[in-house]
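Below, each structure is written out as structure tokens.
Here chain A shows up in two complexes: once beside chain B, once beside chain C.
Then we have the complex of A and B:
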């Protein structure tokens, strides 16, 4: 250090250099984020207040009319309801299965890597391929599911999985859950492996049985992972598009319609970009509200514990 | 420390320079200045054409160049000719002069309304295209906003294709009246054969079947008035058409897994003899014939007998059309290409391979090859009803598809279905 230069001057220079370096590293990401996320979001919100067919050079400002129309449309209402069913299915089946399998694998003495890899495989299959595969599994005539049920004498359970309007949303979401559970499994497994083994030993010494160990050691140990996984499951549950599009295109009628399909069909098949944008904004707000509410709720629980 | 600062400053400067550079005009875009300015229209014999990516279209373009010496054609390939994709293509600086698009008001009208297409109405008279186009196609075009923006390349003709061997085994003949048709269906059902095969989860096949039921119950004139005039979808004739569909489902004439399978699976089952009948377009069978799953002569066709006192007719839909980019570099050349489509393409037409139905008047004995495709051409001579998938507007089409599925799966009554379509049509009309 130069004796003539005060130390705070050097600190300020270093701080400026650090800031410049940080900016250099942030700029590329910031540009991409602004170009491909922020601007499209702003543009979508702007379009949602207008009547526009996506082709004309001008738009007509209609205020909140598109939002009002969306909530009045039976297709939108059905899509909203289906999205909630889809999200709940994701929460219980994808998350639940992921957790259950992770718990079983974590107790293995050998072969953990093998099972982890094999059971993660559905997650790396392309969504469309997975959807086509499940369409074949659910095929009422040639599908493996109905043939298996018939073979074991359960003909009454061999149903029209994709043609029955009351069943189709559950069938399609099961296909999506099958593809997603591997991701949650890996997250849970990482969480389970981070729990200190000595906690289980201490619990055992205090006379806790397996169930009590699970409730009092495993669950609290997975608190932070659980918050993240449940948030992800809800968000993924609200997003689904490719699976439904490839399996049913939202049908029969709109029995398996999701909000994302509503947005797609309204914009690109009916050329009503205003209404589609309004629905997209509603979907975005829904995802944000649920995520924030859940995080606030889990923070509160964590603070209380 | 100093080195770090220099690197940081350098990177920031480069990024800023890049940003500022990208804000400026792109060099040479939209002009031909670097090669000596725009070519005079009469000298310009270079065309850019967007077609599907298959050998047929390359042979087609080659034939055009052979018959029009001096012309060079640059093909731009496309897998999608739907309106959204075409809109994006037309918005680009290097958009082609001519494009193949899906035909009809639901597809071409939005592009035309956005000012992206050349109005071809005057050329139909000036260049004699109107006289050479089959009347059905001209009628369909004139129904389109009173202006014409497309030259139709081919037409899909939808009829009932029946399996001759299954009919023979069951001792039935192609019906000529509605009563006979119902008897054929019941006889086949009693014989343990699936009378009609359908794959409805992607809408198209059910739309084709429904189009024929509509033609049988509503007829051409009334349907014209529903689509373009004052009549409404929720008329008794239309309800009767949907009632036919419901009755067929209730009686088991249509496979009970129809809503769960795609159109292509239904077609495959039909081609493999797993059902007696299916409504398909001319040419659809060809893919199965090519794979040696069946032969064209295994199948015959018949039209749905009329229930409204008119003559029986198949339904048809304009399939693909040629349009000219409003900002085409070579408009005159594009018109020469469309002259070729109208006047000369028929010489090149290979029905056996393409199986499509031409849209220009075919001289006697000109077409030879696939008898099934030729039957479609012949069926068109007496006119054709509408395939609503092509002629309905955007919301109306979605409602049509959804209502068809709703009746098929029992979600809606025929009355509710037609009301939903009418409401969608009114919403479109109000825009």
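Then we have the complex of A and C:
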């Protein structure tokens, strides 16, 4: 606005310029959002109804056939099951451990900063680097895990961590949890520190023991962070591409396939863009349903309490 | 008395658990560092934890054969590019959604929010097609704008929350003093949003440095590969020389670990603020 014109004379003009500035400010982000989120969503859905190798100028409409093929493919079924296992593992071992450790750290009188710094360390390195490290750790010949197990006489537990088709999905997800829990821990710790100390004192005055304090003060105080972290853990559990790709490429055969790997392999190695897009749509729907369901659920709990 | 002993037990217990987890966090790093100084033969015997005769020559050899200089260069370009671009455009948008005309019409902002619930892995295929249309497939610029583009929902959301927390009255005062919308943004609100921008910068830096899923699809030319892509090829490029696999892993994680040790406070604060606001 021109400094010489007092704004009260120009209310109409001002609201016009307001709208214009406001819109100009979002243009760069809007362009990128449309180009890399909105249009890709539309395309993915569109391609999923077609048969296409990614190169030809025209696509061949096949309706729901790709979805049918996906659900009949053993690779896809395995990916769905594995994704479910990953999400549950993340919930228990990354989210659960993060919460447990944060709780222990928050009760320390000294050394809080030390433990927080050290336990967060695995989270700062890149996922693929951590995956490469764990591939070595799990190595049956020279990996430290099996060497350690044999050293303490547990030879029977020294397993083929990444070569056993029934085990590989748990090994890879544990490697991922090792890396991920520090992030959840830091968030929980911040939440715990934000809880007003006087609430604990009041609860103690009312005769609440440690357990009751935990249920009635700690958990309610953490509710918003709990909601965020749990939905994050579930969603991260549904993704998990980098870890598996770097550790096993989805193998042996397809026993550590996740949906994201199925999408990648089907599109870029088998050139079946239609099927890959159908799987991608299913992955997207799963994540969105979990996010929305979880938010509705936690809102309901919040309203009840 | 009993209460005192009980508390002592709890302290013992939590101390033991925390030390156990500290070992669990550190031993993998230590083992990889120790193995990086061994030869393949010594690694395969697997008997000793520490190297008997440290082979420091593994490091220059790994640097050469895994082309780590090139990988770091690529990673730095992509990370800095993505962070600068993301900060520049999402602060504008966040401000617009928090303080300008669009704050009264949140529908547009809800469209951004919707983008947050879409997993990038589900649309990576079409992002690849989009970049191919723009002739940006297999370029650093293409990867940068794809990273920024898919990160826009969260980044905008974060910045909008930061600006929302600043009082409206500052802007009203500035406007009475005759500053225009851009001046109000630049001189009044932007300096106040510095902690938010720092948090976003840290978030984006870590995210872009560790980016893998998009990079794998976008960068097909091995010359453009970033460090996260490079590590998946260590075994092949070092001809199964396991000492080199370990030392290239160490070189790859060292910069982030060092930066973290130096700036761990801002690191953790950035993460926390990002998580809490988000």
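Just so we're on the same page, the second predicted complex is superposed on the first by the 287 of 305 C-alpha atoms of A that agree within 3 Å, B and C clash if a C-alpha of one lies under 4 Å from a C-alpha of the other, contacts with A are read in each partner's own complex, and residues count from 1 in each chain.
Basically, contacts are C-beta pairs under 8 Å (C-beta built on N, C-alpha and C of every residue); 3 or more make two chains touch, one makes a residue touch a chain.
Since the structure is predicted, the reported quantities are computational estimates derived from the model, not experimental observations.
When both complexes are overlaid on chain A, the residue A:268 reaches chain B and chain C alike. Once the two complexes are laid over each other on the shared chain, residue contacts for A:254 go to chain B alone; chain C is not touched. Of the two partner chains placed by the overlay, neither chain B nor chain C lies in contact with A:81.
Counting the residues of chain A that each partner touches, chain B and chain C differ, and the larger count belongs to C. By the touch criterion stated above, A:225 is placed in contact with chain C alone, chain B being left untouched.
Contacts of A:127 after superposition: chain C is touched, whereas chain B is not reached. In the superposed model, A:296 makes contact with neither chain B nor chain C. Shared-chain residue A:288: touches chain C; no touch with chain B. By the touch criterion defined above, A:23 lies against chain B and chain C together after alignment on the C-alpha atoms of chain A. Of the two partner chains placed by the overlay, chain B and chain C both lie in contact with A:141. Residues common to the contacts of chain A with chain B and with chain C across the two structures: 17, 21, 23, 28, 54, 141, 268. Contacts from chain C toward chain A in the complex involve residues 10, 14, 17-18, 21-22, 24-29, 31-32, 35, 43-47, 49, 88-90, 92-93, 95-97, 100-103, 108, 111-112, 115, 117-119, 121-127, 129-130, 145-146, 148-150, 152-153, 156, 175-176, 178-182, 185, 206, 209-210, 212-213, 216-217, 227-229, 231-232, 234, 242, 245-246, 249, 252-253, 256-257, 260, 264, 267-268, 271-272, 275-276, 278. Within the complex, the chain B residues that touch chain A are 1, 4-5, 8-9, 11-12, 15, 19, 83-84, 87, 110-111, 113-116, 201-203, 256-261, 394-395, 397-398, 402-403, 405-406, 408-412, 431. Those residues of chain A that touch chain C in the shared complex are 1-3, 7, 15, 17-19, 21-23, 25-26, 28-30, 32-33, 35-41, 43-44, 47, 54, 97, 101, 104-105, 107-108, 115-122, 124-129, 132-134, 136-137, 141-144, 147, 178, 182-183, 186-187, 190-191, 225, 228-229, 235, 238-239, 241-242, 245-246, 259-260, 263-264, 267-268, 273, 276-277, 280-281, 283-284, 287-288, 291-292.
Here chain A touches chain B in the complex through residues 14, 17, 20-21, 23-24, 27-28, 31, 53-57, 138-141, 160-165, 248-249, 251-255, 265, 268-272, going by the rule given at the top.
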